[in-house]
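We just call them A, B, C, D, E, F, G and H in the order they show up, numbering each chain from 1.
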Amino acid sequence: ERAGVPEAILADGKTPAEVADLAATAIETTGRALVTRIGDETAAAVQERLAAAVPEATVRWDDRSHWLVATTPDFERPDLDAAVGVVTAGTSDAVPAGEAALVVREMGASVTRIDDVGVASLARTIDAVDRLRDQDVLIIAAGREGALPTVVAGLVDVPIIGLPVSTGYGHGGEGQAALSGMLQSCTALSVVNIDAGFTAGTQAGLIARQLDDAR
Amino acid sequence: ERAGVPEAILADGKTPAEVADLAATAIETTGRALVTRIGDETAAAVQERLAAAVPEATVRWDDRSHWLVATTPDFERPDLDAAVGVVTAGTSDAVPAGEAALVVREMGASVTRIDDVGVASLARTIDAVDRLRDQDVLIIAAGREGALPTVVAGLVDVPIIGLPVSTGYGHGGEGQAALSGMLQSCTALSVVNIDAGFTAGTQAGLIARQLDDAR
Amino acid sequence: ERAGVPEAILADGKTPAEVADLAATAIETTGRALVTRIGDETAAAVQERLAAAVPEATVRWDDRSHWLVATTPDFERPDLDAAVGVVTAGTSDAVPAGEAALVVREMGASVTRIDDVGVASLARTIDAVDRLRDQDVLIIAAGREGALPTVVAGLVDVPIIGLPVSTGYGHGGEGQAALSGMLQSCTALSVVNIDAGFTAGTQAGLIARQLDDAR
Amino acid sequence: ERAGVPEAILADGKTPAEVADLAATAIETTGRALVTRIGDETAAAVQERLAAAVPEATVRWDDRSHWLVATTPDFERPDLDAAVGVVTAGTSDAVPAGEAALVVREMGASVTRIDDVGVASLARTIDAVDRLRDQDVLIIAAGREGALPTVVAGLVDVPIIGLPVSTGYGHGGEGQAALSGMLQSCTALSVVNIDAGFTAGTQAGLIARQLDDAR
Amino acid sequence: ERAGVPEAILADGKTPAEVADLAATAIETTGRALVTRIGDETAAAVQERLAAAVPEATVRWDDRSHWLVATTPDFERPDLDAAVGVVTAGTSDAVPAGEAALVVREMGASVTRIDDVGVASLARTIDAVDRLRDQDVLIIAAGREGALPTVVAGLVDVPIIGLPVSTGYGHGGEGQAALSGMLQSCTALSVVNIDAGFTAGTQAGLIARQLDDAR
Amino acid sequence: ERAGVPEAILADGKTPAEVADLAATAIETTGRALVTRIGDETAAAVQERLAAAVPEATVRWDDRSHWLVATTPDFERPDLDAAVGVVTAGTSDAVPAGEAALVVREMGASVTRIDDVGVASLARTIDAVDRLRDQDVLIIAAGREGALPTVVAGLVDVPIIGLPVSTGYGHGGEGQAALSGMLQSCTALSVVNIDAGFTAGTQAGLIARQLDDAR
Amino acid sequence: ERAGVPEAILADGKTPAEVADLAATAIETTGRALVTRIGDETAAAVQERLAAAVPEATVRWDDRSHWLVATTPDFERPDLDAAVGVVTAGTSDAVPAGEAALVVREMGASVTRIDDVGVASLARTIDAVDRLRDQDVLIIAAGREGALPTVVAGLVDVPIIGLPVSTGYGHGGEGQAALSGMLQSCTALSVVNIDAGFTAGTQAGLIARQLDDAR
Amino acid sequence: ERAGVPEAILADGKTPAEVADLAATAIETTGRALVTRIGDETAAAVQERLAAAVPEATVRWDDRSHWLVATTPDFERPDLDAAVGVVTAGTSDAVPAGEAALVVREMGASVTRIDDVGVASLARTIDAVDRLRDQDVLIIAAGREGALPTVVAGLVDVPIIGLPVSTGYGHGGEGQAALSGMLQSCTALSVVNIDAGFTAGTQAGLIARQLDDAR
């Protein structure tokens, strides 16, 4: 009954062989395997295993956002009538934003990317307001001080999921300032963990499903 | 255009006179004043000021969840076709859960309270599944190790906002274990800060508005 | 030769008698005593001591920003040709902002207060841009997520000293999120410690002196 | 008189030569050498040394759980009448669980592995209840938010040793959320440090010895 | 079926009225109410409520260890054939040690107190070895650097539950050094949270039940 | 209108190709590209791209301070009548000090380096006082305990920007002690994040611009 | 054989009655009772008990440094040929410095106080060099950034024990910056915990005993 | 006048060329160069440089404790009449203990190594008491929970410098538990930072000089 939520395999902390086993099982039982945080060596192992076990599968691998998705030809991705905006402050936010966008798409919602609208050049943020307002839900990725979700929430009334990114060095680096800033925001954000694009995407996907049900 | 979001005044860190001023301004300009984290002394000051300035206002004060709402007779609360569940693990979670429920109601959604379903007696959690599934969105408040939102997310596919509560002592006390556990959850939660019932409520309210629009 | 820098006494961690002794010595040797973080009991002790020891002194006490300044009639405050803006995000920032403004004035620069321009209502921030641009230096006080200095730095090229304020609760509360966010800002800020209005004011005062020299 | 407790050598922070020396001494004096947290290079060094010094020894090396055990032919492992369950939430918990199981077995108790019963699919946890109840003591390994020992403790009355695992990233990552969650658990757990499979195993082994004495 | 584990009410974070309600319900349904971390005001409220609702109950209140136990005349405490030693390093450890001893006794095991054997005067520790060895399980409470459980574990082979106590000031104060030292111990300890006498006692009680079953 | 502030590209967390793209765009639109925290591989990629796209550009790369600046022949660097001192405590401070000096120069101010005047040999610090006093603003880089800015601020009345450096190991290592010491300084410093030479330089540059305007 | 080390009673975390008992026992068995961190209520309880139990004892109580010493008439304090300097940066350091000086005197060494030589007015530090050099050992108390021991160690070759003081607010406050700065010092200091005047004093006393033996 | 304190060069965070330059200067001006925390590559660079610049120098390099000392033939090491004990809990403490011993010897005191007397086998600790008592000062290195200095201080009255070692993993790992345990010790220790063998050695050397003066 949870068919809408992709069963993702988190590759971190598993051997290539273990990930390949889990992926083979996933595709054989559900028609899809979704692996996140996958490195080059593990991606090769998975591809090899799937080529042997499920030769008819289509495999997509994003070596920048570190995900891999494989589906059998007859797998039917859900199709939801809901629009999710995936927003980045700058170039460095691409990895978790990419992971989030992937999951939203796999859950069946449409994704609009709105990139490089960080607050250091506020005019670009403001220029994006109409596109931001057109979405049903926003995932906003930002590192360093992570101010973008707060600023956007002051401009639009769309529910926003803040996605802190592990950029920044020194005190509050590695995304810690962004996370605590989003948790302290004087606007209404909900938040996921640093770099947790998967979680942000799934949460947006679940909201999208409720909207699709309502429409 | 942000009429649906109540302009809340956070009483923490302000003098009673400052809060009373802000509340009087709020009710005069918007027909409603909503104050959170208000102590006894400040509540008295606000009530006195409002009695003088806006004698026709209705004032409700919850001295357990530390909020106060005042409205003029002609204030029209929005009315949204959306159901938010506010869930607690135990008695200690009542304060932020109460704040969250208040905000959701002020934003116009209906609220169902589902209380005392913490995982230490898992049978009660499981018994609540049907009521949990009936909601459009869930706010789940839990302190100590904060496992309840994770367990519920393993049982239902409703979007869940985890609300960590500042219970617990020693290492990870004051809600820190609950917060980090919800951020690390192997299920898909979004999270607000420790005791941030207001934020959880507003976020749920914004989702409720999208659902009301869709219906 | 450091006559321009007021010799301030930090009352925290000293007994009322100790503070009173230090204040009496300061006014007797320099014509001025400046005490920060002074509570009611200590302020009373200082006033009593000064009334006895230097009856001709003028004493000003700000029980909201917790400072006390006493000067002898012949004390000549410096007069600098430089303009410092002291900016707050909201009401809660008044205490350290007041302390900063005091120090700047005691060092002889002129102070413009620009209040309640926090980013949750971005229009007010943007409306303030002209006033912000007119200053030689800005001290910007903000608590919670502390985004205001970053947003202002994206709008004007005046040097900005970020002053994090000890508001906020839960993770990153007590000003910690604001401090780490300002340290991580993707714009160019320098920062002082949480609630360190005195330090921010002195630093702005030293810059004002350099500008006064140059003019 | 502490013959029942294996004298383990922690390889971390020692050179291969140092570990090999310590292992040779251990097997020569007690008939057994047990090394934990051993990497490939050190394992090779130890094997070479033991092959030279104690050629009749049997050496087992687990390159996944990073332990190595060598025994002389006449070494007699104790045999305890007690059953320890070693439980994992998911694949990533295998390393410390394997270390714990090893130590329990070397101390002479019997080990039952109960794997992949993490709370994200609660049905599997509940299905395992009978197997969990059959044990005298449980070691439960879990990473991320570490909720499994809490949930199990709500279902069975067997004493449980929580073993947090260093999975997870971002805030509370590297096992910190799991550790603090287990310490905050609203059920009765005792806990060992993150990844401290050896400690969990020895503690379970000591309880097993008391049970064996009692039987 | 969990009749052996007392249903304890943690008074922290609840109002006196809430605690009194919970205690009345507990005694009415199970014949016993056990409240921990109870302050004077709440203890009075509970006593008053119980006097009215269950006048035949016996109430014991320990205002040093902050617990209260009430039982009906016909309540039968279990009686286990197992010996638990509750050990303190010094006077400051009395509070959590008292809480632990209470729970062990309520679960039916016998308790031996072994007090003031802290390592600063090592001769006293060594003198206690025989008494320590006579126990089936040890709970060892220690604050500051918390070295006592480590030293005892080097002397006896009884399973030990370390109970860190919130003494100490400065860096590592409030029991943090004791907790981290016990988690890092080079001997085999399991640990509970700082001041978590209730958890230590329940864990020891569960082990005692297994021993009682075995005997 | 922010022409005076170089648009820097932070290479950390970007791929070589992304940095090269951003650098090419920067030089094409502004006549200058400034990259910080650039490693060898990325520097090679940028040089190659610029050689192809803007062959007439001059490229300077500092592989010790990890910056790269490229300018077109007709680029006109601003020229400010203001003197910034860049001071180091020891050899280890060279990297962020070099980054700071670069930015100050690119913003047009003159830079004087005052090196190796750390407080462990206080005579050298005192010998430097005249050179320190001659500057309009000081950037003072120091690692370990970071005492140098405090000591200098006790000697001269020039505004000082403290730049903590990520040296030191153990507790307070990686620049954390230096940062917190500068934030706690009993003198008037403003501070930037650990290793944030870019931020310190920009802040000094903005002050220099104000001074240049005033002169 | 450890007669030279006073058996001190730490009053923190003990009830007045417990402290009084321990003090009575100490004076009866050793002729002296030394209590540290004693508040007003406990001091009164101790004085009352000692007046009853050992009426001939002399009791000294320092309500600023929170210690109490009682001795019987025939108690002979040791007399060591060694000079310990107890140095403070400012007024706020008086409490732990007073505790340290007490312990040194009770151990029999002579104490020279060298006060208010903090580095913010470096001339006063330098003026004190001769007095500092005349000591055998120095205890240097400093709060905030805690730079004084580092600066002194750069001027004299006497062994220095750094005593961080719990002054300061915000990040690194409560003595944390001072502690980490002293631990990171690029000179050779040993350090005790924040406010641990007793520990600093005892350590200096033990060194004084070795010097007395050598002389 | 600080001839007794070796001018050490900390290699961490410097390039090989920088270290070689500093070493050449040191030996040319003082007859000795002492480098700590030196890796293989840097050691080679230093040796090459010294072979060219000061061919008559004697170079000793300890690749386990990561130090290098070079002296000219006519360099006269001081010779102090004082005995320093350098004590380790286990094999893993060898690196900082070796650094400490080196510095003590270079300062001219005699060094006795007392190794592997950690408290997990308390009998060995107690067996060492006589050797421990024979020293003028003790440096005691211990990782994990760092209990050894506390236990020894309960047995002997020699001044002890605790040297925490960066062993251990999980919570309190990397020497943090050892450091905080030593700071919290209920005995009288002074402490240096984690792995700061150089600091411990210099502090012991300064005490040794005072003793040599006294003898």
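In this section, contacts are C-beta pairs under 8 Å (C-beta built on N, C-alpha and C of every residue); 3 or more make two chains touch, one makes a residue touch a chain.
Since the structure is predicted, the reported quantities are computational estimates derived from the model, not experimental observations.
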{"item": "D-H or C-F - the one linked by more C-beta pairs in contact", "value": "C-F"}
{"item": "Repeat of the E-H interface, chosen from G-H, A-F or F-G (over half of contact pairs identical by residue number)", "value": "F-G"}
{"item": "Between subunit B and subunit G, centroid-to-centroid distance (C-alpha), Å", "value": "50"}
{"item": "Centre-of-Cα separation between subunit D and subunit B, whole angstrom", "value": "43"}
{"item": "Sites on subunit C at which at least two other chains make contact", "value": "166, 170-173, 176, 179, 183-185, 193, 196"}
{"item": "Pairs of chains, among all present, that meet the touch criterion", "value": "A-B, A-C, A-D, A-F, B-C, B-D, B-E, C-F, C-G, D-E, D-H, E-G, E-H, F-G, F-H, G-H"}
{"item": "Touching residues on subunit H, where the partner in the complex is subunit G", "value": "1-2, 4-5, 136-137, 157-159, 161, 183-185, 188-193, 196, 198-200, 202-203, 205-207, 209-211, 214-215"}
{"item": "Complex interface listing, subunit A residues touching subunit F", "value": "64, 91-92, 143, 166-167, 169-173"}
{"item": "In the complex, subunit B residues that touch subunit D", "value": "89-90, 118-122, 144-147, 150-151, 153-155, 168, 170-173, 176-187"}
{"item": "Of all residues in subunit C, those that touch subunit G in their complex", "value": "10, 12-15, 18, 22, 164, 166, 175-176, 179, 193-196"}
